[in-house]
Amino acid sequence: MAADTRAPSTPRRTGYGLVYLVLAAVTALELWITTLGLAGSVRTPIFLALSFLKASLVAAFYMHLRSDSRTYLFVFILPVAMVVVFGLVMLIR
Amino acid sequence: MNLRRIVTLVVLAVVLIGLGVLVASTVNLMPEEASVQAQMVDRLFRLLMGIATVIFVAVEGALVYAVVRFRRRAGDDTDGPAVHGSTTLEAVWTAIPALIVIVIAFVSFRVLAASAVREAEPVVVEVVGRQFTWEFRYPEADVTSTELHLPVDRQVRFEITSDDVIHSLWIPEFRIKQDATPGRVAEMVITPTRLGRFPIRCAELCGAAHAAMTAEVVVESGEEFAAWLEGQRGAGLPVSPGDLGRRLFSQYGCNACHTLADAVAAGVVGPSLDGIGAAAGSFVPGLDARAYLEQSILDPEAFVVEGFPSGVMPPNFGDRLTGEELQALVDYLLSQ
Amino acid sequence: MTQHTLPHSEAFRAGKSLGIDHLKLGVWLFLASEVMFFGGLIAAFLHYKVNAPSSQAGLLSVPLVGANTFILLTSSFTVVQGLAAIRRGSRDGLVRYLSITILLGAIFLAGQAYEFSSLYRDGVTLQSSVFGSSFFTLTGFHGMHVFIGILWAGSTLLRAARGRYSKEDYAGVEVFGLYWHFVDIVWIVLFTIIYLV
Amino acid sequence: MSSEPLAAPRPNWRRYLTWNTDHKVIGVQYIVTTFLFFLLGGVLAVLVRAELIRPGQDLVNGEEFNRLFTNHGSLMIFLWIIPVLAGFGNYLMPLMIGAQDMAFPRLNAVSYWIIPPAGFLMISSFFVGAADTGWTAYVPLSISAPDGQTLWALSVALLGVSSILGGINFITTAITMRTEGLTFDRLPLFVWGMLATSILMVVATPVLSAGLVLVALDRLVGTHFFTVAVGGDPILWQNLFWFYSHPAVYIMVLPAMGIVSEIFPVFSRKPIFGYKAIAASSMAIAVLGLLVWAHHMFSSGMDPRLRIPYMITSMIIAVPTGVKIFSWLGTIWDGKIRFNTPMLFALGFISMFLIGGITGIFLASIPVDLHVTDTYFVVAHLHFVLFGGSVSAVYAGLYYWFPKITGRMFDERLGRAHFWMNFIGTNLAYLPMFLAGLLGMPRRVADYAPEFTTLNVLASIGAFLLATSTLPFLYNAIVSWATGPRAEANPWRARTLEWQTDSPPPPNNFPVSPRVTGGPYDYGEQAPAKPLTPAPAAGK
């Protein structure tokens, strides 16, 4: 457990608004890419990267992981890492 | 550490390792070694036994020694020394086990690789597990049997799958085991080295008669094997309907669960079929022996005999038996 | 270990010194278990998507679901706006944003219901194929979480309307937000692996 | 402790039968309830061993046999070992960290009250055709199994929820509720064990829940997750199942290791040897434990390339485990050992858990595993870990904290008798199984080849001895709880916080919040320490 004493800060509303705009823009971008009919090998990594970006933005700003105690971050990261490991293994038949 | 202590430790270590070597080289807990792979596995197993002996005797020995040597003397209410640890010691007993397991992992990997080496033109045997019987197909010879025959000193490649639930093909004398999973074909190679008959057992729980799902592997000379294959192919055209029925009775695994003297079957999962021909007509009013038997084979749940579990006999014989086969089987049973 | 006289109110000092609120930590741990639960379902879905591909996957409509994704993202925005409002001390702001959130959540569920029914009309059902089974199970459980989120938002709304929460006391709103954003993140992932990839 | 209505010393025993948020009441509720399930699971085990005392199916038929061992395993794992250790955690954690209660007392009561109905559900499945596919419930067999299988899945899922809620509560409590001065490097090792276990409860259990959802849907709704004909894959279930069920082994062992880590220093009158190493190894085992699940599937036909990494991680887990065992030896080494019943069981734990640990190496080595997996070798291995290991530690803990929980002392003579019956019974029951497995006896069979008869007779006798060994314990617990001599606050002269308050503790645990100024195991005359003989490691 990281003994972290930083108190939760209060992000400004504009911070929230900016994040929202980025999330919306990225989603629009994703929808646009689907129309390009790219090959799966190209499409897949792009989409994974973009969704990782979106998820991280929500977790970091809307769930305050950026400013909150690192304990919460640790609590969230361990299972996410495990899911990635498990998911990758399950891709192999 | 003073000299005396060092000497004691060295002596202890030597004795222990000697003991380990002794156990590894003399104690044998495994069944007969009947395949090339078995020899490899047993070498590895003996190594592990040696290491295990050293660790076991060392730790249990230290435990017993401490219990005897450091027990509280009567009337002594003082505490022991305030020792909180020893970095050196902790480093040692972290490093040594780490080293040991790395070695074991490496050796295991080598054995695994060696035991899976493919040789040219093996005997291919397709294995199908079914509740509660094994079926062995020889595609080249177009032969199907419930008894596994293998030539000695020639590699066999099993292609193992299942028709219903998961089974596991285990031949202890070969030191191999492979699950038969429906929807998958698992490959496994083995090279028998010893003539004789060895048991085949299902090692994965597959239902009520799991314990009865056994078969035999016959390892024979190349000539005998070829002759057997030839004979099996011939067996396609039986001499008398009785023989056909008798072979169907074991080919479809009836013998796994039912007792029938004529077919040398002694299963106890389902009711005995000795004298069934005479009795079959008397079970269900208005149903003659033939109808009763046919229905009991096609729909096992129709009449479950008192004292025997329902839902055990596979319900799919209707699809698996051809019309002729069904007739032959019923005729055969009626003749019993 | 020795004892000194301390009033009970001082009891939990060591924990507090980490700057960790135990309700918040509890919710985060709950979310951790939720991550693993969805992880199991997602792994099952991907396993079949890769190893037992089905033509039925082609029947999914990306534009419709894309719109739904916008809606859910927006609802996350309204939730943080509500939190910001109560932190400023504006309970009316909180009530307003929570109502919008509930509305958006309801629209998302309506959209999902429409998607499901049209898929059923095209013959994609829970029993139609391994794809159908894993698709409806995965998205269905997410929808269920959105529904629970709506109920949670509703109870938070009622409490706010009854005068609970203030500049200093907004933990209840914050933990509801954590749950809602988590459900949003799950959707971001599902949208990618089910519809885009 | 089996039936407190008979035996509670104080008039207010009824609180144990009602909704109550006091962690001490909940802890006792956990321990007593799960012990009843333990006895029931033991009865099933006796029936299994009775059937196996002779070859042939003479007592029960194959189907009944499958039901017996399936529910034996499920009861022992999901309704005894996992929850009883949670019971210890409930009773002890707040006391050990100087808190008044758990972080979420009401949630705590909920986690307990899920257990009785879940247990009832599992047992009631016997009336609709009990689950008969082993505690592993492999598909597709478990899809076509009788209705009881559905109740089984439901029951296990409920117990999973209880376990997850408990884990959340333990972690939050250990992090946020520690009293002043109780820093992480002063945390009792049992609390460290509960912390590591709770991480596994929170991270691993939900994956099993997901798997159970798929099985239940296949059985009830007709989905096709495991319908092979349309592309369903049985191996998927095995991955989901073992992703939880291997960590579950550590869920069942880490708190047990914590219990004996509390006992050794007290009865050796010495500080724990290598506190940091023991605490760190618990965490290492927890994290590594999440990465080894597929070593249960070496023979399943999974991708062969995948097997190697799992073999390596499985081997590495032996290292932190060894560190613990050596540290315990270092603790009793040069001490002033007192052989009270708790210490006897703790010593028994080391000696038997060691056998389970060493045979684990055999199973991690793929070529050997391919011969012994799914045989009685595995049965012996897991019982040495979970019975010789975990259950011994549970008994050790029950005796050690009996004075604290009940406020009365138990009878040492009966305790010793119990220990020796249990110790001999365990080895007699499970050692022969190793040989049976190596020689070719598969597990989960109601019938076996005649050549295995002698080994099975020995195992059955051992099992019957184990069953008998619970009688002196029950008598001791009940009678001592009712009429035993009053226990003082700290009969063992221990230093951890739970002993610094009355026995049993008052409703708020401490008259005033303690402030911690020293380590939990600062025993020993403060004279300069003698150099320590490294004999524990000498053998290797």
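For clarity, chains are labelled A, B, C and D in written order, and residue numbers in each chain start from 1.
Criterion: a contact is a pair of C-beta atoms (placed from the backbone, for glycine too) under 8 Å apart; a residue touches a chain by one contact, two chains touch by 3 or more.
For clarity, every value in this text was computed on a predicted model and none was experimentally measured.
Asker: Keeping to the contact definition above, tell me which chains border both chain B and chain D.
Answerer: Common neighbours, chain B/chain D: none found.
Asker: Which chain's mean C-alpha position is nearest the mean C-alpha position of the whole protein set?
Answerer: Here the chain at the core of the arrangement is D.
Asker: On a CA-centroid basis, which chain has its centre farthest from chain A's?
Answerer: B
Asker: Which chain pair racks up the highest number of C-beta contacts?
Answerer: Top-ranked chain pair by contact count is B-D.
Asker: Between chain A and chain D, what is the separation of their C-alpha centroids in Å?
Answerer: 38
Asker: When the centre of a chain is set as the mean of its C-alpha atoms, what distance in Å lies between chain B and chain C?
Answerer: Going by mean C-alpha positions, chain B sits 49 Å from chain C.
Asker: Compute the distance, rounded to whole Å, between the mean C-alpha positions of chain A and chain C.
Answerer: Chain centres of chain A and chain C, defined by C-alpha means, are spaced 14 Å apart.
Asker: Using the touch definition from the top, which residues of chain B touch two or more other chains?
Answerer: There are none in chain B.
Asker: For chain D, write out the residues touching at least two other chains, lowest number first.
Answerer: Touching at least two other chains: 175, 202-203, 207, 231-233, 235-236, 239, 243.
Asker: At least two other chains touched by the same residue of chain A: list those residues.
Answerer: 1, 3, 71, 78-79, 82, 86, 90, 93
Asker: Please give all chain pairs that are in touch with each other.
Answerer: A-C, A-D, B-D, C-D
Asker: Applying the document's contact rule, which stretches of chain D touch chain C when the two form their complex?
Answerer: By the definition above, chain D touches chain C via 98-100, 103-104, 107, 164, 167-169, 171-173, 175-183, 202-211, 213-214, 217, 221-225, 227, 230-233, 236, 239-240, 243, 495-497, 500, 508, 510, 512-518, 520.
Asker: Quick one: which bits of chain D touch chain B in the complex? Just the residue numbers, please.
Answerer: Its residues touching chain B are 56-57, 61-64, 66, 132-134, 138, 140-141, 144, 146, 228, 231-235, 268-277, 299-301, 304, 307-308, 311-312, 315-316, 318-319, 322-323, 325-327, 329-330, 332-339, 347, 350-351, 354-355, 358-359, 361-362, 365-368, 370-371, 373-375, 434-435, 438-440, 442-449, 522-527, 529-540.
Asker: Touching chain D in the complex: which residues of chain A?
Answerer: 1, 3, 71, 78-79, 82, 85-86, 89-90, 92-93
Asker: Could you please specify the touching residues of chain B with respect to chain D in the complex?
Answerer: 1, 5, 9, 12-13, 16, 29-31, 40-41, 44-45, 48, 51-52, 54-63, 65-67, 70-73, 76, 78-86, 88-90, 92-94, 96-98, 100-102, 104-105, 108-109, 111-112, 115-116, 160, 164-166, 168, 170, 172-173, 175-179, 181-184, 186, 199, 201-212, 268-269, 308-309, 311-312
Asker: Can you list the residues on chain D that touch chain A in the complex?
Answerer: Within the complex, chain D touches chain A at residues 175, 184, 199, 202-203, 207, 233, 235-236, 239, 243, 290-291, 294, 303, 306.
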